[in-house]
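Have a look at the structure below, then the notes.
Chain lettering (A, B and C) follows the sequence in which the chains are written, and residue indices restart at 1 in each chain.
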Amino acid sequence: MDLGLTEEQEMLKKSAQEFLAKECPKKLVRELDESDTGYSRDLWNKMAQLGWMGLSFPEKYGGNGGSFLDLTVLLDEMGYNIVPGPFFSTVVLAGYTLLEAGNEEQKKEYLGKICTGELIITVALTELDGTYDAASINTTAKAKGDGYVLNGTKLFVPDANVADYILVVARTKKSANPDDGITIFIVDAKSAGVKYTLLKTLARDKLCEVILENVRVPKAHIIGNLDKGWSVIQSLLKKAAVAKCAEMVGGAQASLDMAVNYAKERVQFNRPIGSFQAIQHYCANMVTDVDGSRFITYKAAWAVSEGLPADKEVSIAKAWTSEAFKRVAVLAHQIFGAIGFTMDHDMHLYFRRAKAGELAYGDADFHRDIVARQIGL
Amino acid sequence: MDFKFTAEEEAFRQEVKDWLKANIPPRWFELTTGYWQETDESWKIARAFQKKLGVKGWLAPAYPREYGGADLGHIKRLILAEELTYHNAPVGVETEITVNWVGMALQHFGNEQQKKDYVSRVAKGDIVFCLGYSEPNAGSDLASLQTRATEKGDEYIINGQKIWCSYAHYADYCWLAAVTDPDVPKHRNMSMFVVDMKTPGITVRPLINILGCHSFNEVFFDDVRIPKENLVGEKNNGWFQLAVALDFERSGVQTAAGNQLLLDFLVGYAKSTKRNGRFLSEDPALRNELAEMAIEIEVARMLCYRIAWIYKTGGHSNYESSMAMLFGSELLRRMTDVGMRVLGKYGQLMNGSKWAIGQAEIARSYLASLSIGVGGGTNEIQKNIIAMRGLGLPRK
Amino acid sequence: MDFQLSETEKAFQQKAEQFVLSAMPPGYTDRCLYWPGAYGAILEFEERDPAIDRFRERMGEEGWLTMAWPKELGGGGHSFIEQAIFAERLSYHRAPGTDISTLIAAPTIMRFGSEEQKKEWIPRIIKGNLRFWLAYSEPNAGSDLAAIQTTAVEDGDDLIVNGQKIWSSGAHIADYAWMVARTDMKVPSHKGTTLFIVDNKTPGITIRPLINIVGFHSFNEVFFDNVRVPKKNIVGEKNLGFLYLMVALDYERLAIAIGGFRRQFDELVKYVKGTTRNGEPLSANPSVRRKLADLAIDIEVAYNFFFKTAWMMDNNQMPNIEASVLKLFATQLSRKLASVGTEILGIYGQLEHDSKYAPMRGQYSVGYLDSISAVIGAGTSEIQRNIIAQRGLGLPRK
């Protein structure tokens, strides 16, 4: 048992902290939140130069050969600084889909360009039901000539507004088992018939409605096996859930740090409010949530990293961290009082993301259901 | 990072499991399901078992071999503690106090003679200590204690009252905190003593706990004369000793393992019990609640493992022990609450009722859970420690 | 005991309902985003809407604003229960209700003001077209109101006011400040603070907007730079301002928009019944059903606290505990309703109100943000708990 980070991971963490503190101040976060693109090309390029996009991908595709756990360390820091942009969709969603199911040619082309920062790619999975079940996939892909024609509406697609490619999860076959007959396609975002609209969300993250209308995709753009895409998505959802937890852990840590600092400084009734037992107990609850979330998240990330089944660990992490971040953010707000209720204050940036994080890749109920099965119920 | 145990550690776990299965008398399980359920019979079984553990070196696994310990590493101790609790072995508060508080403190602060007199006997399970800390007016605020130890010739004369002394009616010795210099400020006025419970002037009165068992006592000291050499460490240095004792390794993994035991019981029950024609395990609300408990046990376990790991890597726990205790004890209350819902109306049946589920462990834990999070520092005090020691929030 | 409304009360409730439905600006209920118990998304605090002004005037004309006041002061002499019944219907339809002028200013003037003040202010308040804002909080005086530093120094017939107020809801659309400032710095603030009225148009007042996290301009910072206020605007006696503030707390007991909770809940239930996910109606989902049932119970509890408080006031019992518990419980419920509601909406719960896919006009995502203010504004939950423990249960301060 070793619950510590390696020396390299500590260095990564520290350099990420320093870099983000300098390059991703809250002023930039706010500008990007308000913008239509939601990301800064300049910051993106600098992150690429640091090798962040390829951190956990094999060297032969231009990556650094790191592990999923290394990526977790980085995402933790990115969550702390709430870095806006398509890093998550490009690296976690698209990158791991390609790594797991892409053929050599696809990996060289797309994963390679992900590592260099040349490409932004996202995955279009959820539809109108807004759930992560195979049964909810109704977008169709019908064979025509040497390709497929895609039709349907994808909802809550992250960063489709800036993506060069969208990995579309579509139904190629109707069958009694909804898991069967799902295929993943690489769709050029500029293809005729692809239309996106930004959704207005609490977190101002750039979730989109993506409408596919007779979009033609060559056969060669299928990732993995025809009709067998759902197992790839299931594996991806585990990674995505843990990765999202890592961001949430960072966000919860930041919320805690901000609130504790304020509690030490803010004076009411002639004493720092942090000396009142009510506030101290809130802080104790918060740090327990933060530490607890971090451990179960890293345990899940470790299990994923080691190639273990990890179903239980992942669902434990996502179910608990989703709620823990919300609890922490709400208590932090409570400590800040009215000042935290203003747009100019940073706290709401985290509070908004707590909701978005909870909803992404299965909320607490969804994952508790998985845990119930895992403990034999 | 690496969250798994080594093959050697796993083998050790198996060894412990096998040994426990072979060595816990079946009668024990008929008598008790956990804390605060002692009877004279169960106490005898427990004491005999503890001596057996002592022979293995597992009663005081952290102690050096010269004192009868096993010199076990941090992780193996964690495993041992986990398995002892998970198997509901006859160890409990008395071993925690005797081995992990008193025996440890004696090794730190006792002189050579004291170490020789007591530590090995602790490790072998020959003697049991009770704690003489709390008083009627000194609970969470221990600094307000009033029991006096007055120096006179070769002796100290003790007068005062202690309360909540677990197993004082069985204990051989009392680990006593008493004021030795009333004229200096609190926190510099107190010393620690070993008091033989057979000394004249000691009166032990039972306090019956909410499970109906005699675990706690009031202990009265009326001109109790003890030899001077029973002072441990320097005079008036008691508060320092207590502060240092806070840093003794306490993973608290017992709370996680205890909750796991209850959860596994509940899962088994839910899978085998039908209500209104369907298994309880098919009820979505119960599934959700039981899953949440499994999740929280995992959190509790990690918070405890962290402590073992901190010590393993040469560190000291600061606020982390408080966090583990706090989380584990609050979890036990949630767990028994969930357990009560799973059992429905049957949940209220106590042991002795023919319709009681299992050994009525849920009902008994439901009551016992009230003490966890009160004894050994209330949850409120733990939160204060986390806030002030851990997060640096100001006292005033 | 009788937990039902009497026949008279039922008739009154119907009359109230009819009034609200007939007098409300058309479409207002479905336009308003107000979240029950919270402060950040109240349209009225953001802008002055002539249709709402007209609605208020009608409330004034028909006596609804003053229904519980004594008859001799132009009130309707209704019971508190009737007042509660009206307030419940009003808030159920998200109608603008009582405000600072009717809730705090008028009763205080009636009780402690001079005869001239009663003549000057009460008739205007009754008409429903006068708005006050509360000038209490300051940057260093939030929960600890005694720490206020704004000063009012006597100069001939005037007070000269200097200082800063903050969290001033609706100051930018109100007519007058209902204000406290230090008039004697040599004594503790509870003995040296004076309550007075300031015309917003007085020179030296600067109002700066603070945008809240919902995106509304409800708050302001207000700066006073040598602002001259005629002494005749002092309410009650000089230096007794905090006493009047404490007394006024009693008038606010029924200020919680109780009907708003049921309204939001009813709409949520309707949405759940009309929505399917993965081919299954949301209303069949056991987790959703449980969460809704839990909310329904809490709302019932809140209603009971509300009517119990009114009943006690009618029966000359001091609802000290009940009123604080009502405020605490209802504001915590505000938070819970938003939190659980957005959970039920699932991934759609994050869509903001102008998104086409947002369920129920995105009210729950507004609530998710706005309910943060519920447990902070007008006395934080922590302060409420202190009050319940100390004033209600007699626990010692030290």
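Things to note:
Going forward, contacts are C-beta pairs under 8 Å (C-beta built on N, C-alpha and C of every residue); 3 or more make two chains touch, one makes a residue touch a chain.
What you are looking at is a predicted structure, and each value in this text was computed from that prediction instead of being measured.
Annotation: A-B is the more contact-rich of the chain pairs A-B and B-C, by number of C-beta pairs in contact. Taking the mean of each chain's C-alpha atoms, the chain closest to the overall C-alpha centroid is A.
With centres taken as mean Cα positions, chain C sits 40 Å from chain A.
For the pair chain A and chain B, the distance between mean C-alpha positions equals 42 Å.
The distance from the centre of chain B to the centre of chain C, each centre being the mean of the chain's C-alpha atoms, comes to 51 Å. Chain A has residues 279, 365 in contact with two or more other chains. Counting only residues that touch two or more partner chains, chain C has 287. Along chain B, residues 288 each make contact with two or more other chains.
Listed in rising order, the residues of chain A touching chain B in the complex are 1-6, 69, 260, 263-264, 271-272, 274-275, 277, 279-281, 283-285, 287-288, 291-292, 295-296, 298-299, 302-303, 316, 319-320, 365, 368-369, 371-372, 374-377.
On the side of chain C, the complex with chain B involves touching residues 286-287, 290.
If you check the complex, the residues on chain C that touch chain A are 40, 137, 140, 142-144, 147, 166-167, 210-213, 215, 219, 277-279, 287, 335, 339, 342-343, 346-355, 357-358, 365, 368-369, 372-373, 375-377, 380-382, 385.
Note for the complex: chain A touches chain C at residues 126, 129-131, 133, 135-136, 155-156, 199-203, 207, 209, 267-269, 276, 278-279, 326, 330, 333-334, 337-338, 340-345, 348, 351-352, 355-356, 359, 363-365. Residues 1-5, 9, 75, 263, 267, 270-271, 281, 287-288, 290-292, 294-296, 298-299, 302-303, 305-306, 308-309, 313, 319-320, 323, 326-327, 380, 382-384, 386-388, 390-396 of chain B touch chain A in their complex.
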